[in-house]
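In what follows, chain A forms one complex with chain B and a second complex with chain C.
Right after this comes the complex of A and B.
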């Protein structure tokens, strides 16, 4: 259930929904938008979205204020998020995207820290165990969506700290 | 004449020493005291040592207040471009001082800011609609700019039409001022307002008032 979300002051500021012509002001504006998108998605546990959904979402459409961020500007915000590593396009047409309020490398780090702390290097886990097992109930990555989890493990794989493997009924991971 | 002045000075000294604590604690007292000093041409805030600042520590009080004002302005600069209303400045300064600190009035703030101005720190005081806008960045603001700021004070925004109607200017003159405010980061452009483009000033956006200074903003204020 989504708790009451606290909108930042910019969300009630009408010009926030117009891409600013002044370069410095625009930088502040885009930084605020990126921050808002990530906290919104985090709270609503939304890991993926289509651009069409985004346009109509309260995130970019403040009905009460009668302002909405035009789609070209939404694309600019999404591109900023992609550059920062928090967003990945899921299709060539850039119509839907994965949104990760924590970058995959950061998730990977957390997961690996838990593995080491609990002395489970060289153990094998199913993906399900990692995100839904009792053992990880108190960990931040508990409940993480599969797409983000995979990318986190891929990041660890790159560092030779893990290997994604195929097991009987799906995928798993071995940690080193 | 000079004998009378001497007598007055003596009275003033007695008053000051008797009410030292109150002067430090009570804003109304401070105003009264300042007025008395002004009457005989004494400036208790004269920089450096001096009978008054030493005796009362009044100089310290305003110096410390000046530092606080600078901190608040720096912390909020990225939100409002370096322009803040006296009200908001007052609220934030009081918040920063906490429950047990000495009470500070808007009059105190103005005096401290005037001191800062005199030291050449780029501070400015702009009268708008019954209050003041405090400018803490050396943005070039001439008469045209300040009069448009005054116009914007009522609703937080201003349009070319507003300017033409109230000030009787040509379109081009109005546009130039608005462009300048955008360029200085004091105004944001709103293209979805009914009718024509609206130019909003975060400094006048009442929704923003007394919003907590975030940890990030506080870090901005540190040298």
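Right after this comes the complex of A and C.
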């Protein structure tokens, strides 16, 4: 995995790893953290993580700078992401989470746009086809992980633009 | 250490050895002296110390001179000790190693252990006071005042001393503080006289307590930080007393009072601004209170603090204090204020607390 990831300037700024007591400063700090988490996960194609992993990951642990974001502060960052719709807890204990660099609604929109553009309304697709089919090779949602895809389709379902169905070897979706 | 006398170390008739211990060092108060390695002997009448290297060097102090004793537990790199508080040397004392000493206590350091047992035996001897019932040569009997050539009746003296010892035993374990307490008592003597007289007057319903006495009494109590019991009102701020005090504080070079309770000081300071004095009391968020000049503008100071921090990249409170030449406490308050105003941000790690310019706000 080529680590061509570009760290933002905050990553080399020691105060970034201390939760700031000044409210306005903290707002900026948390915004920067949220942005970093999403771009990091996007590049590394990481759709889910445990809190333990996160603590030790270079994301929250800058070894060179000798600074780590303490776990309580990591929790605060994750909560911010959840509020924004980019994170979902996968268990009651909040030990592992799904991270979506694009919110499910946004993915849903992109998928539906493609469906409409290609005149495939009223068609049925398997989940696999959507994310791994040749037709979608050039689409952004190509290669999307199943968990995120499902949530994207659920969002469309809410809007009555799609329906998730069960088919012989798994799940599929019908678009309206 | 001026209570010790040279001795041959031989025991007298009626004097018996109780316990002895090698490897004992003597301190004059807190100071180390040359008597660093000796054998300490306890007899029924005296404490004797003999130099381990030079047996000719031998000194003793009568147990009758001992006011009370304390134990000091051993610590890291420190031996256990016994602290021996002594009466002043009598005028007719025989020659000893020190002519004079400013300390009224010595310490015995047990470098080769044995402190526990020695202390136990010494305590026993102090309780039993066998020297009183087994007369030994007169020089062993200490006298608190000059009593040349007269052996006093043991009974009365014994009782007297027991009362004295009991009184001082209640102040056990206040070694040096005991000395301060004596000084305080001397100063408060006047107040004690006055309060006795008032108490008597109240008791005997005899005569009126004059207004002057009342005021004096109240101000004594206030200066000791005790709320006014006569009228049951607490001092608070705004009383005549505090106003006067505030005015005096403003001329801070005058030192009018010797004893001033912290509460009085704070109450007086609260009045500074109201009395239009050139100083004022400022309370920081953390609760720290400072007195500053009216002309001082802390907010302006913050701007210059930011400059200083920016120049150096980052600073701790200590570093900043040193650079600017102020106390660490005030330096910290200034940096915290700058952080509150959004000019600085913090880096809190095992390396300590550092302040940086707030790039979160200034950089995109």
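Note that the second predicted complex is superposed on the first by the 173 of 176 C-alpha atoms of A that agree within 3 Å, B and C clash if a C-alpha of one lies under 4 Å from a C-alpha of the other, contacts with A are read in each partner's own complex, and residues count from 1 in each chain.
Throughout what follows, a contact is a pair of C-beta atoms (placed from the backbone, for glycine too) under 8 Å apart; a residue touches a chain by one contact, two chains touch by 3 or more.
As the structure is a prediction and not an experimental result, all values here were calculated from the model.
Novice: Just from the overlay, do chain B and chain C fit on chain A, or is there a clash?
Specialist: Pair status: clash.
Novice: Now for A:174: first (chain B), second (chain C), both, or neither, which partner does it touch?
Specialist: Touch partners of A:174: none, neither chain B nor chain C.
Novice: Once the shared chain is lined up, is A:24 touching chain B (first), chain C (second), both, or neither of them?
Specialist: A:24 sits against chain B and chain C alike.
Novice: Can A:15 be said to touch chain B (first), chain C (second), both, or neither?
Specialist: So A:15 meets both chain B and chain C here.
Novice: Contacts for A:67 in the overlay, against chain B (first) and chain C (second): which applies, first, second, both or neither?
Specialist: After superposition on chain A, A:67 lies in contact with both partners, chain B and chain C.
Novice: Looking at A:82 after the superposition, I want to know if it touches chain B, chain C, both of them or none. Which is it: first, second, both, neither?
Specialist: In the superposition, A:82 touches no partner, neither chain B nor chain C.
Novice: Choose the clashing stretch of chain B with respect to chain C from the list 1-9, 19-27, 37-45 or 199-207.
Specialist: After superposing on chain A, the stretch of chain B hitting chain C is 199-207.
Novice: Following superposition on chain A, which residues of chain A contact chain B and also contact chain C?
Specialist: The overlap between the chain B and chain C interfaces on chain A comprises residues 9, 13-15, 17-18, 20-22, 24-25, 28-29, 66-67.
Novice: So in the complex, which bits of chain A are touching chain C?
Specialist: Contact set of chain A toward chain C: 9-10, 13-15, 17-18, 20-22, 24-25, 28-29, 32, 66-67.
Novice: Spell out the part of chain B that touches chain A in their complex, as residue ranges.
Specialist: 78-79, 81, 157, 182-183, 185, 188-193, 198, 200, 202, 205, 207-208, 211
Novice: Which residues of chain C touch chain A in the complex?
Specialist: Touching chain A: residues 314, 339-340, 342, 345-349, 354, 356, 358-361, 363 of chain C.
Novice: Across the complex, what residues on chain A touch chain B?
Specialist: Residues 9, 12-18, 20-22, 24-25, 28-29, 66-68.
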